[in-house]
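The following blocks contain the structures, represented as structure tokens.
Two complexes follow with subunit A in common, the first pairing it with subunit B and the second with subunit C.
Presenting the complex of A and B:
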């Protein structure tokens, strides 16, 4: 299965996700736990250039806003705040489907600097789906108040993706954020997202499944991620993948 | 002489006590929520506060304060530390 042409991709975004881009506009998915300042980041970057719609067929809001940086235009899509994207709720499903099948040029995961451990759960899950991830550690001002110091360089090394510290409500770090999004979108950022290693049984099963999955879907999605979802028995994901990639029963057979 | 750790429901630990999660007897969405908040087997949990009626109860898990209903905390097995 080959990559969609740019026009096909824009049409797919419109029809499946209710998202209309201008020619050449990059799309950025904005993810994060509830209450991490995701909306603050969104508003700070997009200002008044935003509108709210909804995801087609779902009762979940979809805020979209645009901004320009250097010579490029970006459409930022605010995903529902979730603790994980293992899709047990409509919000999680919407977030997962957009990151997987909407193929944004960058996915920005906003974390709360005052409770990194819990927030990293979502970042690591997103990193299993796509390598085009930028982590934004927000609420750095709150961390200072709580005497929490964060070694951003070390975190970046551990995660293998760009990490940008911000205090969005004070406008701090936004320039770096725009630049990181720009570099990611134009293909200048080479990431090596840390992958979670599972038990040897799971890893062996992944090794067996991954080549078969690649043959089905090519490289539209991370075969490792798809293998994990099949092993998890994630029926909602199998349904989604069938819906978005027109694969009918192929994956259903693999799941058995 | 019984040196084995005693497994008790999370709902029974006293305010201030710290315990370690052994298992979760929860299913579906609630189970997913609890896991997402970091309450996985092996994690330390401290009982911080109980509402006047005894329900819900506030627990400190991985630097976060989480409120759980008594009936849900009862389904989480822990061992005192």
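Presenting the complex of A and C:
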């Protein structure tokens, strides 16, 4: 009951995000801070199979591209470059709504190896919403130039999701990236995304709210994450959630 | 299994409960959540990243220390700006004259051909002396400065200097309770105010976006630059020896641009303290690394995307405007042409703000595009029958002086050119972006009122003090 059927998912993508997938095509969301080479990754993976437009009802650009790997077709959706998805701006809201309600088969978060610390904020926020996350540490060549070493194994262990190092400008690591996206989409990858540990007053408040939230909306969304948004006093999110859950319920009722 | 269980508790109730918890914590949970995310990221990064600290700070950060320092930031900005203007003025003079000579020589040829073909005088007038001549003017006066200014500006953009300008000015925008990103929309405005207004979309807060839309016109677009450059060169430069002419002219233009920016700040401050009150939103301004400019891309972007685009639009506007002006200048009612009637009617108002009726009329007729103000002005000055060929700036000076121009006329024309109503394209963009007639009207009124006020004050004080 939690899961939307494939057809319902396609319809949701079409009606709410203006994204049309072919039957059996996987959707991949591409997130990242500005200036981390997100577009380079996008272009390298999708080549010339691209199509640009606007997000429905927003003045935010939306680029989509497709590629095929091991006989599976992928539609990659390039989300706006943002520093966080706490939805302080329209771009952040667009990115968050797609990851959260668009339910992509995998979300690829591109990080800048030369300032990993700042970039990890976004990855952690995405990992709170969905376990289907792949982290791509890009600009590895720049990091080497700046004498920065990144222990990918340690990072992967800490994050609990696949971590792929790349230098997309030079085409390094793209094969691994495709393979990781493939494994994630067909459900072969097992992840255990690290959850952010908050200070005690926040955690207490979460304990208070989360059980009630899961009783109310089921497990379509992480109750812990919904609780955090409510505690943040994020009115835009409350509007979004009412809007999307209504839609899911109607779709499910239609299916019954 | 797929029966839908009625929830025992509704989302609304949970929201109310969350609200209560939030308020008992003095609304501080949001900030706590953000800082906790940072702490977690820091811990993870410290486990995975090792950074060999090099003794020397990188070239980028050393450059940033200078270019964005409190002490040198502004002087360097001014210096770069005036250098760009100086290069533009110096470099544009000779090609302007060459193009002018060639195009006006062709005009004589055209008149000859029209006469040979037995075309009536009015047709020759409308097509050659009206349309062709304004086109020739627009190309000769605008093309060379644009072909120099745009590549230079794109070069600064490509080097990564523009975000540093935004960084330098961010604090001042904060003080005016406007958004730091406004400077980027102003930079676009140097190219074209209509483009600048569309660029205001990058500002997220609707309040700050409106402020940016309403003030964009205080940045002289490149339709107004040729007018500023021509008048500054012949009049301001004319007072000193010829070797300093370009230097003085670039200085005058830099001062005018600074004045435009100062007025932008003043108006932004006034707006955010009156009709557009509200909180300033914070923004993360990332200084991207300095990059080696890609010469090919610069030339393509500045010549094709900007120069040709703007020139094409100017020509489309200039051709019909030239024809109309010629008709106005050659249709006589009684003793005087229509243009002379209109100018005579505008004369008292024009005189009060240091201009004359013809100049004010040229600005009004130039509403479709600022580029054609000077061509219209010349055509109406020259309409009195004697057709002069204007193929150099010196001749332009002679004409203006013979029409009674003084330094005060030049100063007021410069000021009015900087501070007057936006062109129709800009107004149309403002209407599309704000979706409101009220804000579009204000986009028109604010610069207009300020322009009249400033020119009036300058003209009247100069006359009172007996400086003219």
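Of note:
Going forward, the second predicted complex is superposed on the first by the 245 of 256 C-alpha atoms of A that agree within 3 Å, B and C clash if a C-alpha of one lies under 4 Å from a C-alpha of the other, contacts with A are read in each partner's own complex, and residues count from 1 in each chain.
Here, a residue touches a chain if its C-beta (ideal position, glycine included) is under 8 Å from a C-beta of that chain, and two chains touch if they have at least 3 such contacts.
On a predicted model such as this, the values are computed, not experimentally measured, just so you know.
When the shared chain is aligned, subunit B and subunit C each come close enough to touch A:86. Here subunit B and subunit C are compared by how many residues of subunit A each touches, and C touches more.
By the touch criterion stated above, A:118 is placed in contact with subunit B and with subunit C alike.
Within the superposed three-chain model, A:161 lies out of touch with both subunit B and subunit C [touch as defined at top].
Taken together, the two complexes place residues 83-84, 86, 88-89, 117-118, 121 of subunit A in contact with subunit B and also with subunit C.
Per the touch definition, subunit A reaches subunit C in the complex via residues 1, 34-35, 59, 83-84, 86, 88-90, 116-118, 120-121, 124-125, 146-152, 154-155, 158-159, 194, 196-199, 201-202, 205, 208-209, 212-213, 215-217, 227-228, 230-233, 238, 241-242, 245, 249, 252-253, 255-256. Residue ranges on subunit B touching subunit A, taken from their complex, read 28-29, 32-33, 36-38, 62-64.
On subunit A, the positions that touch subunit B within their shared complex are 83-84, 86, 88-89, 114-115, 117-118, 121. Within the complex formed with subunit A, the residues of subunit C that make contact are 1-2, 4, 7-11, 14-15, 17-19, 21-22, 25, 27, 29-30, 32-34, 36-38, 40-42, 44-45, 47-54, 58, 201, 204, 281, 284, 286, 288.
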